[in-house]
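In what follows, structures are represented as structure tokens.
Two complexes follow with chain A in common, the first pairing it with chain B and the second with chain C.
This part shows the complex of A and B:
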């Protein structure tokens, strides 16, 4: 119970620290500043995702194919990190995957009000990075983005980059 | 297993991010810069400690006295956050406590070599803050410092500030 929230509390502090640092010398943040923050958080997530997947797959058999890897991310990886499985996985079978989480852990601490929708991206950047880092260590280059239509549900889009 | 390292990985990224931010505009960091980093990490830890102890003590009976609180920190709090209990608690019965952890979780990922001793403080600041935050929410103002003589063992000194 407490161990669970430890990660969320730390994540929240980290997000607010990154934004505070970026803002420290300015009156107001512009879109470029916000993009810089998202990028910092995404990179941190990337490295954490790399480290985690290494531990997670230590005793796993190798994967059959790309879809097999994505299923592992949706089940095992998601459960370990976010304490629930992805609710829905869709793919066009051409390297694009949509992972839907109806109650995304990193958003459940935020209020559900519509006015908080604008704040969602900063709470998703680290997680996008983690997924990208995990996939990268499994040999898949990808672009991972997230969008929120209704809190706290969240859709992650993974586009595998073919060489 | 993986959940456990998630906190450590995130903590490590956070430490390195705070130092990178501070260093970004300089050739070299001086003591003042280092103190600023430690202070940022300590404050983040403080807020996380406050949040955690609130959850942790929700179903706990109230505490008898100061020593009772310190024992709770050494056992329950330490186990939840660092996955082990404090090995030794000493006090002068005048508000000073020394908590010894012979294998401190936040240091076990670092190499044991003597040359890494200099790096220890940056990995302890957040934890010191967490202890201070937890005590603060239990009604005790304190100063918390940590020192490492031999890795990965660590001594935390807690000095309760009487009014």
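This part shows the complex of A and C:
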């Protein structure tokens, strides 16, 4: 059984590597480069999320409705992947959910406040992808974004796409 | 009682899967970004190196192992403490060279390759090459220059996974930061 720090180290190195590669010949990264990096990390997370949710829900009964799925994400999925539960779930009951994690594991090592705030998004892209991947395999198409005001607290916004 | 321990075992297993799946996604992405296996192998080694130079601090903090007297002791610590702590598996240390500067780690199971199969067009890909970089980086931080490479790989049809480690030289402590 691998130790949990291995994932943290690997994730940190992956983020750093994606940005280094994108930057390679340029002096400054523009927004298009940054978006490309976020996109690469997000799609890697997507595949991982799909795989994880499959293993996690192998023996579970099917979900009653969308809210049931979101609660599962907030409790079981979050516990297994991020080792804690979501602190606060809000919804407008029309397909938009806001998941708040006050001590998000990817951010606890970065800072305890507003320092390095502009570095936060790159450390959240992979996780957003994981959530989107998990939902995808549960039959829900979504757009997942994350927002940080004060580290290590962060809010994930999930918007379920209606067909 | 047993429900509690099931949960701990479950969460460790999930961490394993999270790491294994993430590593798989990384290798897949690298194969997409780089045209040939050699380049991917190099990138994995480089990334492993960057991880290793940090991982050693975590290791020293958590294991309270003192300085090793010789390369044999180093080999034992790597196999019985480090691999056990991080990958949950203890490789055996064998095939010592007569000079005592080279040995093999034989891994019965490699968590990195759970659920992995190499497609036919990636014959020269060293899937777990990150490990070599990690070992190299970690040991460099404790003043040892080593050469680490895979000589057998279950993913490529061998019976076991074998990593060969060779001691190159001791790194002097007071050199200025490398500017090669």
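Methods note: the second predicted complex is superposed on the first by the 159 of 163 C-alpha atoms of A that agree within 3 Å, B and C clash if a C-alpha of one lies under 4 Å from a C-alpha of the other, contacts with A are read in each partner's own complex, and residues count from 1 in each chain.
Quick note on the criterion: a contact is a pair of C-beta atoms (placed from the backbone, for glycine too) under 8 Å apart; a residue touches a chain by one contact, two chains touch by 3 or more.
Predicted model only: the values in this text are computed from it and were never measured.
Participant: Contacts for A:5 in the overlay, against chain B (first) and chain C (second): which applies, first, second, both or neither?
Facilitator: both
Participant: Contact-wise, after the overlay, does A:21 reach chain B, chain C, both or neither (first, second, both, neither)?
Facilitator: Touch status of A:21: both partners.
Participant: With the two structures laid over each other on chain A, which partner does A:132 touch: chain B (first), chain C (second), both, or neither?
Facilitator: neither
Participant: After superposition on the shared chain, which partner residues are touched by A:55: those of chain B (first), chain C (second), both, or neither?
Facilitator: In the superposition, A:55 contacts both chain B and chain C.
Participant: Regarding the shared-chain residue A:123, is it in contact with chain B (first), chain C (second), both, or neither?
Facilitator: A:123 sits against neither chain B nor chain C.
Participant: Indicate the residue numbers of chain A shared between its chain B interface and its chain C interface, in ascending order.
Facilitator: Common to the two interfaces on chain A: residues 1-7, 9-11, 13-14, 17, 21, 40, 44, 47-48, 51-52, 55-56, 80-81.
Participant: For chain C, which residues are in contact with chain A within the complex?
Facilitator: On the chain C side, the touching residues are 9-26, 28-29, 33, 43, 47, 50-51, 54-55, 58, 85-88, 111.
Participant: Where on chain A is chain C touching in the complex?
Facilitator: So the residues of chain A in touch with chain C come to 1-7, 9-11, 13-14, 16-17, 21, 40, 44-45, 47-48, 51-52, 55-56, 79-81, 83, 126.
Participant: Where on chain B is chain A touching in the complex?
Facilitator: Touching chain A: residues 1-7, 9-11, 13-14, 17-18, 21, 40, 44, 47-48, 51-52, 55-56, 80-81 of chain B.
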